[in-house]
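Quick one: the structure is below, and I'll ask about it shortly.
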């Protein structure tokens, strides 16, 4: 079943939904990256929750005008409108009151959602059978979706992606270096607004598939996932789009392959699985790599400090230092230096003095800036330079026993 | 309205609404001042998976396992957020976004996968609660307040939220000084011997407990409004923490009462037949209060020297 | 000149350790994989006013915060008055950088000063008239008495710094650690702060100040501690604050002419 779904063999609608979800995932991943780099990831949470009253009002208006009320385009337009109002409220609160952004996000999110719930109950009382599964917008529902709706989602996903491609250059500039962008004469405020517009577009397109509570996951998780793999901004954008697209496609396919697998949550969980793997395994920024690196680093610090203490005949206070020294064969368990330890201690002390000369000498400023207590001096200076420094220090010195 | 109608149908939901709003607003004051308002957001979203897992493990819908499950989920969420923030070097907002959406998605999936049709647990309910259903069937009027037999039939949610409120008040009262000092100046608080990380975690746990207890009444998303709106509105009214707390209690109570009354009777006044969601209306009223204070509150703007020199 | 730093200044004996208001041994702190402070020893001289100086990013504040347990060090031991710092909290007062807190916090000046009495008051101890009187007295000493009921968000930078100082005075400590108290304050505040610090010294207290203005070191302080990731020098101003130690601490970042001028002032 699952392989059928992944290979788009589950019928026309499921295929359209999967394609739509993949396009949506790519759009969300790319848009989310800009948001993430602007450190405004959770603004999207306010925007998405703020869609609910709009959906309800659109439904009521369409019914009042004698329509069906379930017209997806109408509902999506309504949701976009109220998301926009929510965004304006959020911006106004942070700019014109003392509220910090987090409190403003939380209040817009919860109040709009609360008001939406009130409207939902109003609609429920308008007459049974006409509420038309508006609850589906909360958590997404693609089961039994009309062909036209699936088409709207696929087209919407594609259109959003196209818009992103058009806007990607100015948005990249603004999210990586707003000051530079402003200095180059880019309208930063307007580009920021366009960015939020894209977030809105992604949210609106995603409403039917993932639902308004979980759409924020598609905007946040892929960029965070991508960030583990690279330091280069353009690659974060690409990888994030990829992660989002894969999550969308695989999630939609899994969801179509069996009953009781709601699309939205599955897409989010697939996305999280990618994130968890990345966080654990990524080289450099991954957790395993970081833990190993930290342990290595801590050992280096302790060894170095221990050697310097040995060289100056100072007592060693820390047990970890002592253990590392004796394991390396530099000292006996009682803290007395071995032959090897004395030699290494003398070298450490001498390097320390060499560094001191380097750091006091203006002509070595570049090298001096690299000093961190651990770096081997041979890695920053040439042999000749070291010989020159040694001449200034004087002859070899005894290591106190 | 007569007592015969009010006491059985409205008294208990009203009290539960007020207690829930105040129990959330109290820790909310500190969350807002610590710029951790969205921790409230995260906590409230993970209450759902916590309750579902507790239900799956015990097989019954009963208060204590669910409270424990939800509190456990809140703790797990906080630990995960911290782990992602520190180990992955990811900014806190994004780390929160990753954790609470994932846990929420897990909760929804579990709920869909298990047969909960026989029990009183569904997604809609979890999202926006059902305050109106917490009625006191055994009451016949005000006299029931003195009738032991009728009192025994009080909804259990009332006792739970009342106990939670007392616990929250006790926590804030007992740790008032360290909470205030560490919220203002964490580094200084450490040098005074205050264990700031333990205290910070305790605050989050207390907020989580309040969120869980309020869950029955208002569901998992509207709780956020109770955490954030009354304290945020109160901040615009005064420049003193003690008074801010008092204002926030006032605003929370007002939201609960006005929200409940509007939800129940507003539609009737407008000529409609049925009531609307009380929880949603409470959130809406708290938002209106926030909007009014943001427009007219005496302390709505920052003043004096900027934070950075 | 090329003697290792740790052999400068005060003798590294056990007695010195036991008496010192603040003794740091082998302190290393790192943010990520680059040490901000590497293997630093410091022995603060009792009853003296010590300036901790070094270039930007040299780890001055980090060393202080790690010594106080505000940030977690990678290694190192800290004693205050010969005992672990944790047992001596009541005798140590810390004045953080002004910019490290959000002054939008809803509270009054007097309330901030009263925070200094927390150890005395405990969780639930009653706030009595004498506590308020003491707080007012501390405000008076920094010239802020008239501001007691003011909202802290309305203060200027210099006034904020004075309130912080008043809070530490309320602690009645024996060791005062101040992080950049002169950064971005007006001349009047700087004068007021230094007068208070000198009065503390005259009362036999020990004062340690993270300082950035080399021009005032000789006027204000009697001891210096130079740091640039590692300790560079430590000791009385006339011994440790020299052209050579400055060159060693600041490297190429300080013009030679500047150093000459400073060390002449010091000499």
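Annotations
In this document, chain identifiers A, B and C correspond to the written order of the chains, with residue numbering beginning at 1 in each.
What we mean here is this: a contact is a pair of C-beta atoms (placed from the backbone, for glycine too) under 8 Å apart; a residue touches a chain by one contact, two chains touch by 3 or more.
To keep track of the chains, here are their UniProt names: A, B = Manganese transport system membrane protein MntB; C = High-affinity zinc uptake system ATP-binding protein ZnuC.
All of these numbers come straight from a predicted model, not from anything done at the bench.
Compare each chain's C-alpha centroid with the centroid of every protein C-alpha atom shown, and the nearest one belongs to A.
A comparison of the A-B and B-C interfaces places the larger number of contacting C-beta pairs at A-B.
Taking each chain's centre as the mean of its C-alpha atoms, chain A lies 38 Å from chain C. With centres defined as mean CA coordinates, chain B is found 28 Å away from chain A.
Taking the mean of the C-alpha atoms as each chain's centre, chain B and chain C sit 42 Å apart. Those residues of chain B in touch with two or more other chains are numbered 35, 235, 299, 302.
Among the residues of chain C, those in touch with two or more other chains are 104. The multi-chain contact residues of chain A, meaning those touching 2 or more other chains, are 98. Across the complex, chain A meets chain C through its residues 98, 293-294, 297-298, 301-302, 304-305, 308-309, 312, 314, 317-318, 320-321, 349, 352-353, 356-357, 359-362, 365, 368, 371-374, 393-394. Contact residues of chain B toward chain C in the complex are 33, 35, 174-178, 180-181, 183-185, 187-188, 190-194, 235, 238-241, 243-244, 299, 302-305, 307-309. Touching chain B in their complex are the following residues of chain A: 36, 39-42, 45, 49, 93, 96-100, 102-103, 105-107, 109-118, 120-122, 125, 135, 138-139, 213-214, 216-217, 219-221, 223-224, 227-228, 260-262, 264-266, 268-269, 272, 275, 279, 285, 287, 290.
Of all residues in chain C, those touching chain B in their complex are 65, 68-70, 86, 89, 92-94, 96, 98-108, 111-112, 115, 118-119, 121, 123-124, 151-157, 160, 167, 183-184. For chain B in complex with chain A, the residues that touch the partner chain are 32, 35-38, 40-41, 45, 84, 87-91, 93-98, 101-102, 104-106, 108-109, 112-113, 123-124, 127-128, 221-225, 227-229, 231-232, 235-236, 263, 267, 272-277, 279-284, 286-287, 290, 294, 297, 299-302.
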